[in-house]
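Read the structure below first, then the notes.
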């Protein structure tokens, strides 16, 4: 994993669209937890997710099994 | 994992064939979840899967244990 | 994972803010364990967390699924 | 993980032997699933396994805990 | 993961202190196992832990979720 | 993970000693399985383990949580 987001990648652009559009997403973690909220930023290692209750989560990218949205 | 798909790899070509042929595939995730749908694109880190119910999933490649198809 | 923290990354800065502000955080590990405490330092591979009971944990970064804070 | 198979490695040669000899193998996945079949090709990221029922699996190499054969 | 320990990293120095001081530590593994003992050496991929019963374990670093000490 | 074993690493030398001495070892896998046998070779990605029943296992190194011996 590099320290630069490759904005040419479809997955990076997809997430950028989620951020820009404030799309409500569902994320599933390797622990089986499911969170709902909005992604507010991404970097090569983490996503920042804020839930409807305004709880902030720093999510390790490699433990986000899927983003449904 | 590089930021370029190596289209010379058999696995990348196999997935490209799934995409082109709109093959219905079954994917199993590390969480034990099984999803059915079509892969619509791949990049080095993610697959995009759309189910029969038109739900979109951004699947972290390293959590897709197998693709059956 | 490099041996240098990239302080330009939002996630690194977020954690630096937790450290500086002595924010009480909740971390969830891949084992399902949840710990509460303060992050006292980070390096590219580990976080150091100290709980309210002054127990010290060297947490492998790649097993910290999320940091809630 | 590089994009080239290092055919000098014992493990790569072992799998090549399984392929050439059409050895029936048992593979165990991180999900706990056990599959039986023949490996038909390998690349740096995946194995292609075909079962006795002619079902094809693209197996993510890093989720194949062992190959028994 | 490089083949050189970066002795400038806080986590490497922390473990070096555990070794030098023969600190009794608790380690939790991804399997959920908890071991107690002393770390006798570290390299970039493994820790060597010896328990009170003088059992030796070669622990894969990436499966040590935390070291409590 | 490089394609060359660094024989200067303590962990590589430890395993080499197990091989040379035909030490009976116990290995624990991420799936929770425990195998007993002798390691007959290692490369950067795999161990080859042969059990007392002469069953051969190609073990993915990153799924071997510990080697007890």
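A, B, C, D, E and F are the chain letters, set down in written order, and residue numbers restart from 1 in every chain.
Just so we're on the same page, contacts are C-beta pairs under 8 Å (C-beta built on N, C-alpha and C of every residue); 3 or more make two chains touch, one makes a residue touch a chain.
The structure displayed is predicted, hence computed values, not measured ones.
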Any chain in contact with chain C as well as chain D: none
Shared interface numbering between chain B and chain A [over half = same, under half = different]: different
Maximum centroid distance from chain E, chain identifier (CA atoms): B
Relative to chain F, chain with the most remote C-alpha centre: A
Mean-CA-position distance for chain F and chain C (Å): 32
For chain A paired with chain C, centre-to-centre distance based on mean C-alpha positions, whole Å: 18
Two or more partner chains touched - positions in chain C: 1, 30, 62
Contact graph of the chains (line, ring, star, complete, other): ring
Cyclic chain order when read starting with chain A and heading to chain C: A, C, E, F, D, B
Chain E residues touching chain C - in the complex, by the definition given at the top: 1-2, 6, 8-11, 14-15, 28, 30, 32, 61-62, 64-69
Contact set on chain D toward chain B in their complex: 1, 3, 29-31, 33, 41, 43-46, 48, 55-60, 62-63
